[in-house]
Structures are given as structure tokens and as C-alpha cells.
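Chain IDs A, B, C and D follow the sequence of writing; residue 1 opens each chain.
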């Protein structure tokens, strides 16, 4: 569906990283963790897919966080409170919320892959699941939402250069530092997802994937990902962006 | 020169016709009647040439009036007070201000050709010249600046459909309705200028011409007008937009 | 205000249809509006067997345009006939099947396969997809090859055939004449221009296939020029496309000589674009003193 | 950070030059900044005799681009040498003369005329101007004709010759190879794509010449693609152009295989654009981990 979302607040939460709280009743009511909004940015041909980082139907808000990378996100960052953003969404399928027996869940986020995991973590803890979050960032000035995650569960921040928290990659965290886990959920850059899938290959996991998109709704075949070697595929925008780790081939 | 002009006020003075008072000290000090500003409009490749309709160096203002015709002027009309417009200018040469002996001047304006003539009329009357203005518009709802001109001299408004003032074209005004005149100045659509040149071919006249422009400063040869049949030409943006009626061929 | 246009095999209640590859098989857009308002629909390219297409990334954004190299991903003509055609047929609008192949034989087979349904009204012969490596490109830029494939398809079908021309040629009129001579019932123009974008950080082309097809408003002046030129040299009708975003653009294509238009890239930015254009078109025609779509066709040719 | 590039006949302190026809003979832009900062300057096209060019309107705006049909208006080669070249020479930057003609003989004569000054460093052979009717177009789209005119000009001059290619062709590599074989010292690419815009209210083409050349960011993906393809098949250097607005665009052209670039349409929007790009370029190169312009040339080719 196409909706207009009004910017209610806007703040820079880390280097080049902007958080916007948007107002729209319908979207706030139906958004589930892992879904994304396909945002139109003035003067740009293609829309930008941005994950839903939080939603509060009681006050009709939806939160997004985005990193200023190219021209579209740079332009978006100049939008002011009160401005209205034209979006398609919520698009795609969210994370499957675990059933109650799986009660220890690992959340692994990398950089701008962290936002959708926040909404997920909130929903999981609300339903009684224990979460442990490992959040990786390039360096200290990129870190955001550490406090927000700490309110939900054990949170370990890792920076590649060691300027904050642990040093290295999210997959470097030793077994001892983590509780025993039943399932994991991850979102971040592809090399990280590959490493995550490999490290925790003995337990069920869900990955949220990114790809350059055209339509964002399943019509153009821009965002496919192979599911096997025989031409099988899924569309990230429509069938994903969340997939079970087994379901997709990470090239 | 390139300058930033801040919008100080903005009002609709007739159907689809917007007046903007812009602030810029340098431009207000050097602008002469007949010159134009080459305005950059967000998202548009080419600048838009718009005449200077007034300038007041004492308060650092420059006034423009424009008609909403296509996408560029439509966009410009959405600019708000406080917004800043990037302009090149003042460009071109203005009207040659008559010497004191020529003391009765006819001003003939058509539609959106009227604005530059206002600044001209002001300057002429300031230097003691008597002006008579004939202003043509499509119909009543297009009329603007009648009062402003009346403060400067005799003003006759003509509408094509007769819905206001006299009926017909500016060149229909009878000899009797006009004083004896020494010189004329005109700006408006090409067919009007041709008719004006023909009707007052016995006295010196100056015409302000329009053409689609690229650079607006004389470099691209987009806006040439033939001066003879042997390849002679002038550039409207650099040598004009004002020419003596004899100097140019109106095709 | 009559928006209707009659073309070989196509009775269009209005001249607006989604362009091939930019609307899938209509399912997703049917969530946004009732597809029965469309003049027609052009399906995504069909090949004989299912194809996966090119590796990703498959799209990039450019100034006033985009690049794509989907690579003809599709489930194969049999599946399209079995599942997609019936879905679209439920909207009671003319269905145009875009057909592609790597060899003349494949084109012929795909065309033949569409004989097995009576729900397809016409074929659009995609000889111009720049993203197929095995031959697509040469069909679209060589008049002799274009003629050959058109003849083969005409033989294999009794449906009207609209040949979709590639703009990546020096002489578009020569291409148009060649396929007209070969029996084409109409032309579709233009397909995308071959382009590329290089990603500065990774120092390589953004599109995995390296090059992609440029579409969107950026190419509209090229489409208008080619239609204007071709219209004066052929007597078969033209379905125009390339950068249409608004009803005004549609009128510009009609004036240049198109009898109907297809809207591609714009659907990605605004899923309602075809609906909005259909609603706006009567007003736009009236504003410029036309009393029907038919009246405007070719009126810009001087 | 070294911005310097050495090309046949041209020692460029930086790779930025204004494109032919978009900077006149520099006089107007010299009011905005000191032209001596430029890597070089390419003059507006010179023909043997003075030309008035096409009727007006000569330009139109398009999405992320513009159309122009100036029609080679210029004061003739003699006057250019007498008055314009000395003016530009006062800035001590390499001057490239863009030469055009309606016949091979005219090209030869214009080239010869530039032997009469020692202030011109190289010739840019404009075989691709789409706005000249008598023959310009066929030189630019026919490899045989392109070869002929290149050979004629090479014979007539001892200056290095950069042949400016037209993008209005199916096989740009074939064109490039043909002129390389004919002795071209370098290539300039791309010139404009032929386009048209129709004015709805008057129902006729906006440009009096009907068609015009499309330039600006709209065509950048086509320029990048063509340079990328050609670079891999020729060994002469390429001056790249087509839609450059920012230093990032310059780097994209370098990565695609250009050794230097020309900036055209952007000058109209921002008269300081060449200056700003020259100032920004070192930062952009650094940001993407290059330590010189030379290092970036062709690095995007995979």
C-alpha cells in the first residue's frame, strides 16, 4: 500500500546515521519486525528500501534509522520535521516470531543492519523470550542503540577497530561470552551474514538480506536470490527480506 | 555574476502571475531597466531568464514578476519567503535611458512583457520624462500593475477579449488617445512587437526580445537574432535583450 | 472525449498499457488498483524454458532514469500460459505477450506456444533486449536479422505481431522498414539504451552484468525523435514508450506519431501511475484542444 | 595528489576542460574565474567560412538534460585564429580546436588553417555533430567515412588529432577502431544523442531544426558504457564527456577508461563548475583511495 508518513522527530544517533520517527496510523498498526518501507525521495527515480526499526500503534508512529550513504539518503536527511514522506509498505515478510519453547535467542546485527533487529528484539522480549544481542560497528562513532538493546537483554558491542567494546567481528565473540541459544536472527552486510551462518550452522537461523530494488513489491525481478543451483529463486522484496538461513544461497 | 537572492515577499498579482521581492545588495545597486536575471530552479537543467521589474538599492531589493507557464515557473512559485534563489545577473543590456530632450515616451507592454517596463517607466519619470503606457492582457484576470503605472503617467489597459479596459490589441489604440510621442519602448510577445514596430515605424523605438536560452551570458549561441540577411546576428542574452527596432529582424 | 484506439488485433478503450518487464504479470499491481481500467497489458518477456536471468545487482539509478539487466528471467512460456495469462484474462483487457529468445527457432517456438491460448491478443516481439548475450542484441541492431526473425514469427502465429525496436542503432528508420517489409503488424518503440554505471567505492560496474538498459525520462527525447522519424516512413501503427510519467508525456508521444503508449519505469516510482494517467488524459487532451486520442496521433509532425 | 595527465600533444596539469560549444571561446567565462586553472580548453567548432547556424529556438530542456541545435554557428576559422586563439592563449593553457565541415575537403582546409598558429595544441575532429545536414551525420555513423575524414585531416596537419565520436551508432567499438586505424591520436567521446521534444501547445518540435543533440546527466550512463567498451579495444587515449556535473562523475569517467574529461552542459547551470570540480577532485580521489589521476584511469574495467 502507498502511504504518506509525516516526520515527527529526527535526530542523528551516530556518525551519518539518522533516526526518524514517522506518523501514520495504518502502517504503525500492521508493521511487523523485518518488514521495510520503500521510500520515495524527491528527485530520485527509484525508491529506497529502509527497514522498520520500531512501531507504536498506540501513538501511530513508525521509526526508521538510515545511514547517509549516497545521494538519496543524503537528500532524505535534509527533510524536516513536519515534512511528509511517500512510502510503499510495509513491504515483505517479517521475522517469524519464535514459538514459546524457543526461549533463548541470539540477535546479531552489523551496522545499519541493526535497526530492524531492535523492533524484533522488543517483540521477542514482550513475548517472554530471552535475547542476547551482539552488535557490530566499524568504530566508536558509528555505535547506536546500545542503551536501547541493553534494556531488552544482554548486549555486546563489537567494533572492527576496537575503539569501543570488543574488538573485531561479531563472529569473534567467544562461546563462553554467550548463553546457550536456540535460534538466531541476523541482519547486516553480506560477509557478516556468511560468517554468522557458518558459525551458527548447527542451530536454526533467520537472515535479513539486502539487494538493489526496482519496484520493491515483486514485479520486476530485480532483487532475486538463488535458492538452489537449478534456477530456483526468491524475491527479497516480496518473499523476504527475511529468509531462513538454509533457504538461500549467499554467494 | 552569480548571486544568492533571498525571497522577502511573494504575492499573486494576477492569474498565474507571481510577484517576488528579492533581497540582494549588489544586484539592487547595479540593475538597470531591461536587464534580466537567469534563475536556477531546483531540479532543472537550464536556468530561467526573468526580467528585473524593479530595484531599490536603498533597501537592497529587486522585484521580479513571472507567469506560471511550465514546470520551472511552477516550481519557482512554490518557493517560500526566506528561501534563496541562485541567479546569474543582472544580465544583458538595459533600455538606453533617453536624453532629456526626448520628453514624451510611449510604453507598450503585453502580458508578462509588462514587468521590465515598470522599472523603466519609473526611471524615466524620475528623470523628468512624460510617459504614456499601453498595457495589453488576454483578459481581466490577467491584468496587473495598472495602479503602479497610473502613478507614473497616463495608462491605458487593453484586453483581447474586452473583459477589462479597451478591447483588442495594444496597437488598436487610436492616435487621438495618445499624446505626440518622441520614442517608444516595448516588450511582449513577438506578434505584438511586430505590430508595434510597424505601427510606430516613423519614430525611434526599442524592443525587448525573448528567446530560449542556454548559458544566458553569450557563450552558447542559443539566443541569436539575425540583424541582416547576410549572417549578421546579435545575442539576445548578451547584446540585448533590448534592441533598437531597426537593429533586428523580427521573423 | 474518446480515448479509444483500434490497432491490429487490439481494441483499446484507452491508449495506456504497462510496458513489458515493468509490471510483471500484473499480480502485484492488482493489489493497488483494478487492472480492468487499463487499455491493455504487456506481459514480461516469455522464453521457451524458464530462465533465471542475470546475477544481481540488476538495477541502478541514474539521473532521471535507471539501468536494468534482469536478463529475461521468466517461468517459461508454458507456465505463463497456464497460470499468468488466465489471471490477467480475468480483467477482460487485451493481453500482449512479449516474446524473446536466443535463436530464431526459440522465437518461433514461443510464438507457436501462444497459439495454445485464445486469451492473448497480440505478440510483442522483443528483438531488442540488450541483456541477452546469445543473440538478442544482433536481432535488434541488424535489419537483416530483424527481418528474418519477424518473418519466422509471423509464419508461426496468426496473432498480430508488434516488433519492439532497439534504439541502439544509427538508422532506426531502416530497422522499422525492414520489419514492416517482413510483415510486422505494428512497432513498439523504444526499448532501452545500453548504459553503464561504475560504483566508485568498489571500482566496478554497479550492475553485475556490467551493462544494463537505460530507461525512464532521461531517454524520452530519443524515443520521441525515433517515433517521429519512423512514423513518416511506415504505415503500421506504433506503440510508443520511453520515460512516460504523466498524461502530458502521453500526448507528446501521440503527437510524435504513436497510436498508443506503454508506461514502464514510472510504475516503480508510483504504482498508481497508469491509473492516474488514464484519469488525467481526457483533461490533458481537452487542455490542448483535442477531442479524442485518435485526433492527436501524428499531429506534431511538421 | 597529482592531477597531471600527459596525452598526445597535451600536457594537462589537471584532466578538466570545458567541452566544445559549451564555453564559446572562453571570454564570457573568464569574467567568472581565471581560466588559467583549467587543464585545457576546447573551442567551439570552427568551419572554413563563418556560419550563422540554425534558426531559433535552438535549445530545449529535458529531464536531466537539454537538446541543442546550434548548427555550428561560428565566425570562421580565420577570425577564430586572429581574435579568439590569442585571447585564450593569454591564459597559458593548452588550446584544442574543434573542427567541423560539410565535406572532407572542408575538414582538410580547416585543419590546414590551424597550421597558421602555433597556439593550438591539438585538433578535435567533430565528425559527430548531429545538427549539420550536409554530411556531418554520415561521417559520424559510418566507419568508412569516419576513417576517410580522419586520414584526410591527419595528412593536413601535424597536430595530434582527437576524433570525437557520435553515440548514435550500434557499434561504437567499430567506429573507434576505424579512426584509430586511420591515424587518430586520441578519441573524444561522446557527442550528443539525437533527440526531440514536441511542444504541446503549438503541436510542433520545440527546436526549430526539429531534432537536437541530447546532452547532460541523462546521457552519462551511455557515455560511461561506450568509453568502457572502447577502452578495451583501442590503445589511444580517450577524452570523456557526457553529463559531468561533479568531481565524482569525473572519477567515474576515469574508472571507465577516460584519461581526461570535458564538461559541457553543466557550465550553463553553474558557470563555476570547472573551477569547482578542479578544486574538489583531489579530495574525491583521496576519498576513494587514489593518489593520482593517472592511477584511476581504466581501473573500473573488470
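What we mean here is this: a contact is a pair of C-beta atoms (placed from the backbone, for glycine too) under 8 Å apart; a residue touches a chain by one contact, two chains touch by 3 or more.
Everything quoted here is computed from the prediction, not taken from an experiment.
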item	value
Common touching chains of chain D and chain C	none
Shortest path length from chain B to chain C (each step joins two touching chains)	2
Label of the chain whose CA centroid is most distant from the centroid of chain C	B
Inter-centroid spacing, chain C versus chain A (mean Cα positions, whole Å)	36
Centre-to-centre distance between chain D and chain A (centres being mean Cα positions), rounded to whole Å	46
Inter-centroid spacing, chain B versus chain A (mean Cα positions, whole Å)	57
Residue list for chain B, restricted to those that touch at least two other chains	none
Residues within chain D bordering two or more other chains	62, 64-65, 216-217
Residue ranges of chain C in contact with chain A within the complex	21-24, 27-29, 31-32, 44, 50-53, 55-62, 64-66, 68, 70, 73, 206, 216-217, 265, 267-272
Chain C contact footprint on chain D (complex, rising order)	62-65, 67, 141-142, 168-171, 193-198, 200-201, 203-205, 210-211, 214, 216-222, 224-225, 228, 243, 248, 251-252, 255-256, 288, 299-300, 302
In the complex with chain D, residue positions of chain B that touch it	1-2, 40, 44-47, 72, 88, 211-226, 231, 233, 238, 251
